[in-house]
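Note that chain A is present in both complexes that follow, paired respectively with chain B and with chain C.
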Partner chain A sequence: MLNYVIRRILATIPVMAVVALFVFSLLYIAPGDPAAVIAGDQATPADVERIRASLGLDRPFLIRFGEWVWQILHADLGTSIFTNLPVAAMIAQRIEPTLSLMAVTLVFAVSIAVPIGVVAAWRADTIIDRAIMAFAVLGFSVPVFVIGYLLAYVFALQLDWLPVQGYTPLSEGLEPWIENLILPALALGCVYIALIARTTRAAMLEVLQQDYIRTARAKGIGQPGILFVHALKNAAVPIVTVIGIGIALLIGGAVVTETVFAIPGVGRLTVDAILRRDYPVIQGVVLLFSFIYVVVNLLIDLLYTVLDPRIRY
Partner chain B sequence: MDRRNFLKTAAGTVAAGLATPAISQRVAARTLRLVPHADVSNLDPIWNVAYIARNAGALVWDMLYGIDSRLQPQRQMVESEEVSADGLTWTFRLRPGLRFHDGEPVRALDVVASINRWAVRQPMGQMIKARENELVALDDRTFRWSLKKPYPKMLLALGRAGTPCCFIMPARIAATDAFRQISEQVGSGPMRFVKDEWVPGARAVFEKFAGYVPRPEPPSWFAGGKRMLVDRMEWVTMPDPATAAAALQSGEVDWWELTLPDLVPTLRKNRNVAVDISDPLGWFGFLLFNHRFPPFDDVRARRALLMAMSQQDYMQAFVGDDDKLWKPVPGFFTPDTPLYTEEGGEIFKGPRRLDAAKRLLAESGYAGQPVTCMAAQDMAHHKSWGDVTADLLKRLDIKVDFVAADWGTVVARRAQKAPPRQGGWHIYHTSFAGADCLDPTNAFLRANGNVQVNGWADSPQVEAEISAWYEAKDRDEEKAAVRRLNKAAIDNVVYAPLGFYLRHQAWHKNIAGVVQGPLPFCWGVSKTA
Partner chain C sequence: MTPPPVITAAAPDSFTTAMAPDLIASAPDLPDLFRPVRLRRGLWGFARRHPAIAIGGALVLAMLLIALFAPWLGTVDPTALAPARRTREPSAAYWFGSDMLGRDIYSRVLYGTRVSLAVGFSVAILASLAGLTIGLVSGFIRRADGLIMRVMDGLMSIPPILLAVALMALTRGSVGNVITAITIAEIPRVSRLVRSVVLSLREQPYVDAAVAAGTRTPMIILRHILPNTLAPMTVQATYVCASAMIVEAILSFIGAGTPPTIPSWGNIMAEGRALWQVKPYIVFFPAAFLSVTVLAVNLLGDGLRDALDPRMAKRL
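Right after this comes the complex of A and B.
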């Protein structure tokens, strides 16, 4: 097991290297020029060239890539072209809101989606099942920003229960922290609930057909025990897998959610950086998200062994 | 009382007694929360010429002169100026007691260094530099600018509101290359930038500078006494206009600099929100041609578009049906300002002549090649104008290659001199503040063949009239030059104005003192809890 973990951690190095090369190359060939954006409308071509030179953007690809890799190896993500702040500091400023949003969404989504998925499987082909699945289809179909606007309109503007926008750090208190996150987490969680609930239902339906479930019933175990102790544990592997895959969905959804609710998170940082062609920030953020995704996948793989003792690495 | 307020009040009463809410209210009343039109991503108003850098910069840095609401440059940091009879020597004296945020006095040396940095990036500054004998500090409060040739627009140049403004910084900071960013935001303006609380993309914070010495006159735009009536300002970036509208209605922010036209009716319905015109100088929509490549290298093809286009279509596409908010402009200068003229603008007036335009286009030799038409889809106004142009081109039987990209891509592509099929372009759209179209100093009107933002327009006649305006000795001479310039620029179709429009600002009624102007002037604005 330890060998496996070490092997997987080592395997992340080439993955991250490929991501780094890919991101750097993509930005190099992508249209757009931060120097032209900075120079403004009154600038002469010579002005743009001077800015480009001052930013080091006039140098060959390989030299720039080499310097960037060297910086990364020294744990330096570089400096933002626009803000002149270290990229690491900018990410540090923004990471808490995004992680908070993802964590609250995850807890909220899993605690709703798994039970309703189980109930849908238990009551398969009944009106309850169809209602739950209809909700799941709706969750998939309605864009996050539409749900966000609706929630803000009802709960913030009409009822005045929750704030429209913003983020309060956890250090300033649990109540204001969660108050700012409820609506964004609800909006972002809808897709996630739909995904997990459907997977839970499918996995549970398969497990509920197994002989050992019939045996459990024959032994007189009650329905909750069968569903949540015997069946759910054995259906957990695909559910955990989809929760892990869904992290990517959350990262993507966070970009939109953070915009709608004006949360100063990494998602918005990414969009702003892309629109301005702030290359060091884009590279830093994509590397970070890739790293998070790789780590989450590793954790899920390790979780398999806990959930299913038959799995050995 | 709604549930949320009930819970808050109950919790506050139990936890902290009755004094806490009163303190909170006083603190809230001292903090003004503004949603600016863009993010303060950088606070070097010389290096970064975006309007947002100027707007935030106006809080932090003061200017030698400031334009007032009558569009006249007024003394600001300067106490007096003297110009020699031959117009070649200007001597300026600073007001006493001016201090930077770090406590250091503002000296003439700082001013000289600041002017030198500003002049590298500002076209009028470059012109003065080209005529300069020397710019020198005579003592701590006096500096002299001697020229080889008179420059009648000196005070306008030093006080102009267009970016970059001539902001005064400490000499050690102003010594930074104009093409590199400064690392310290130290000014002598009414507010101090709180860098520690700056979250780029989300929030910029400013605190009142106790050492600021306001002028005795009442404030008027960039001029007069810039008295801050709040202790702290938070500029909260909200990329989504719907969120900003909701936050304003719920009282989470106090002031929204620039609303989206579609949201104005909703805001007007809220009795706690006031809505007014943001800037009486308004904005222009521009359609720019690439003058280097067919078909628009031929003035007849450019004229054909002017003949056929309806500014009403462009304005309605973005601003809507309220015709008090927009007007067609047969020229290049801001309506209702001293130099406004319609000279030569007949081509914009009367019914649109599609058939005549098609004939003129054929005469120009248009051979059916695709026309690359760019519009920034991350800017609602640019995208809507792009759609109108694409439709117009199709109605003129022009094959359209419509490129909807983000603004960053448009800006990079418009700089390409390559043919349109090889990464270049034919047409793009942009907007420009009316405050920058008061006179012929903006780059879009230049026609020396070297300006990429207007597609390398080339017309000696236009250039001659711009020079005539610079050399004009009085307002009558200026007006005459601008009338000739307007006609020449329309005849040569340097670019196509798409109309003039106004936008709204909105604020919560707990603040007072908001004025109309080219930027959210924060001095004189007060807030009650």
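Right after this comes the complex of A and C.
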């Protein structure tokens, strides 16, 4: 077991190395002169040279890459071209709203998606099942910002139940914090709910046909007990896997959701960086979120042995 | 075919009727197990058997026609400015209203169909071709497999939208660059799928037989492997197309996509962003078109999946 944990942790190193190499070499393999693109159309040749030097484009690729990796290992993500502040500090300043949004979305999406997926499998091929699956197709099809505007229009502008936009830090109290996050989390969660509900249904359908479910029913265990204890436990591995993979959707969607609801998080930082073509910031954000994604999926891999003791490495 | 005699319970039988007339009378009519086969032919029959393909396909076709015939559908120049008539509500003159520069939103939305479909279809085709090549190489050349799959793992751990954002930040905005960026983000998923299909096909007896008969590897790929990857690839391509259209709209919406001079649904929504609380229709119309188009492509994909792989149909 310990052997497996160590091997699995070591296996993430090449993955992160590919991510780092890719994000870094983009500067070199992008068509045209990235320094000129970043400097913009009104830049003087001197500006372009300054940006070229600050990106290290005037030095050999391998030396520059080595230095850069060394910096990252010391938690130094470089310096913003636009503000001259360290990227790590800029991200740290903005991380709270983004993590809050993602955490709230995760909790509420899982607590909706898993039960409706279970019910869809239980009532397979009935009108309830059809309705839930139709909702799942809709969830995949309606983009996150469309849902965001729709929710904000109905629940904030028309009904006036919740704030339209903005963010209140957690330090100012739980209620205003959660109030501001309900609509964004609902919008961001739709795709995620659709994904998890679909997978839950498929995994449950498979498990419900097993002999031990029949045995459980014969023993006289009630329907909820069979569904949520016996079956769900055995369907847990694919469900947890898709929850981990879906984090990528949350990360990408957070950028857009923060724009729609004017949440001052890392997503807004990214959008501002795109407009100013502040590549070091974008690079830092991509690296950080890829790292979070890899770590989350590593933890889920390790969780398998807990969820299903039959899995042995 | 004549139905077997045991099926119908309502048949009068003097012996049993005499024994227990009430029982027979209350016995339910059993369903006829061998219903006469009604052959459904033609377009209508196809639509009845595959409603998802029919509805999705019809909607995609409608969008294609809108894209092709945009200039003749009562549109005006989608980039023509009219500052004096800005932010008009939807009316007879401006069917979907006008934006803050006085441009006709109806015309812009119709022309925007072109960008979305071009990006969706191009990415689907390019990512499928690239994924097919990489998946085949990876599935057949064992030495390359490890390296290729590590690279794909790495690319897959960058959330697709962030990957596309990073690529777009370094290039000048153009539809071609948007297509390239989204294609690169989609390739890993397609190659993974092809590789897994190839690996399972390699174990099939008919491939062993072909190898034993002395068939060369290129011929095996062409004859036995490639045709069998087509069905899952087609289904995957529709999902790639749907996701590419969403990503294009998102990129344009956050200012990293199609240049603002080209009307695309994401751009129209980006321009309507500042005003959406007072003029929600600017955002509403492109959003509705985008959602319906993506829904249509997804329906088409689900329908194709069910039709091409009945085993999957039961599970998802």
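We adopt the following convention: the second predicted complex is superposed on the first by the 271 of 313 C-alpha atoms of A that agree within 3 Å, B and C clash if a C-alpha of one lies under 4 Å from a C-alpha of the other, contacts with A are read in each partner's own complex, and residues count from 1 in each chain.
Everything that follows uses one rule, which is that a contact is a pair of C-beta atoms (placed from the backbone, for glycine too) under 8 Å apart; a residue touches a chain by one contact, two chains touch by 3 or more.
On a predicted model such as this, the values are computed, not experimentally measured, just so you know.
Colleague: May I ask you to decide whether A:P60 touches chain B, chain C, both, or neither, giving the answer as first, second, both or neither?
Modeller: neither
Colleague: Have a look at where A:T259 lands relative to chain B and chain C in the superposition and call it first, second, both or neither.
Modeller: both
Colleague: Could you tell me if A:V15 is touching chain B, chain C, both of them or neither one (first, second, both, neither)?
Modeller: Second partner only.
Colleague: Looking at the overlay, what does A:P309 touch: chain B (first), chain C (second), both, or neither?
Modeller: Neither: A:P309 stays clear of chain B and chain C.
Colleague: Per the contact definition in the header, classify A:G220: touching chain B only (first), chain C only (second), both, or neither.
Modeller: In the superposed model, A:G220 contacts neither chain B nor chain C.
Colleague: Scan A:D160 for contacts with chain B and chain C and give back first, second, both or neither.
Modeller: A:D160: touches chain B, not chain C.
Colleague: For A:R277, decide between first (touching chain B), second (touching chain C), both and neither.
Modeller: A:R277 sits against chain B and chain C alike.
Colleague: Contact-wise, after the overlay, does A:L269 reach chain B, chain C, both or neither (first, second, both, neither)?
Modeller: first
Colleague: Check chain A for residues that touch chain B in one structure and chain C in the other, and list them.
Modeller: Of chain A, residues 31-32, 34, 37-38, 149, 153, 157, 164, 259-260, 271, 274-275, 277 contact chain B in one complex and chain C in the other.
Colleague: In the complex, go through chain B and note every residue touching chain A.
Modeller: Residue positions touching the partner: 2-5, 39, 41-42, 47-50, 121-123, 163, 177, 179-181, 183, 199-203, 236-240, 242-244, 246-247, 249-250, 252, 378, 405-409, 411-413, 415, 430, 432, 442-444, 450-453.
Colleague: Flag every residue of chain A that touches chain B in the complex, lowest number first.
Modeller: 31-34, 36-45, 47-48, 50-51, 53-54, 80, 82-85, 90, 93-94, 149, 152-153, 156-157, 159-166, 259-262, 264, 268-269, 271-272, 274-277
Colleague: Any idea which chain A residues touch chain C in the complex?
Modeller: Residues 14-19, 21-23, 26-27, 30-32, 34, 37-38, 137-138, 140-146, 149-150, 153, 157, 164, 198, 201-202, 205-206, 248-249, 251-253, 255-256, 259-260, 270-271, 273-275, 277, 279, 282-283, 285-286, 289-290, 293-294, 297.
Colleague: Flag every residue of chain C that touches chain A in the complex, lowest number first.
Modeller: Spelled out, the residues of chain C in touch with chain A are 150-151, 153-155, 157-163, 165-172, 242, 246, 249-250, 253-256, 269, 273, 276-277, 280, 283-284, 287, 290-291, 294-295, 298-299, 302, 314-316.
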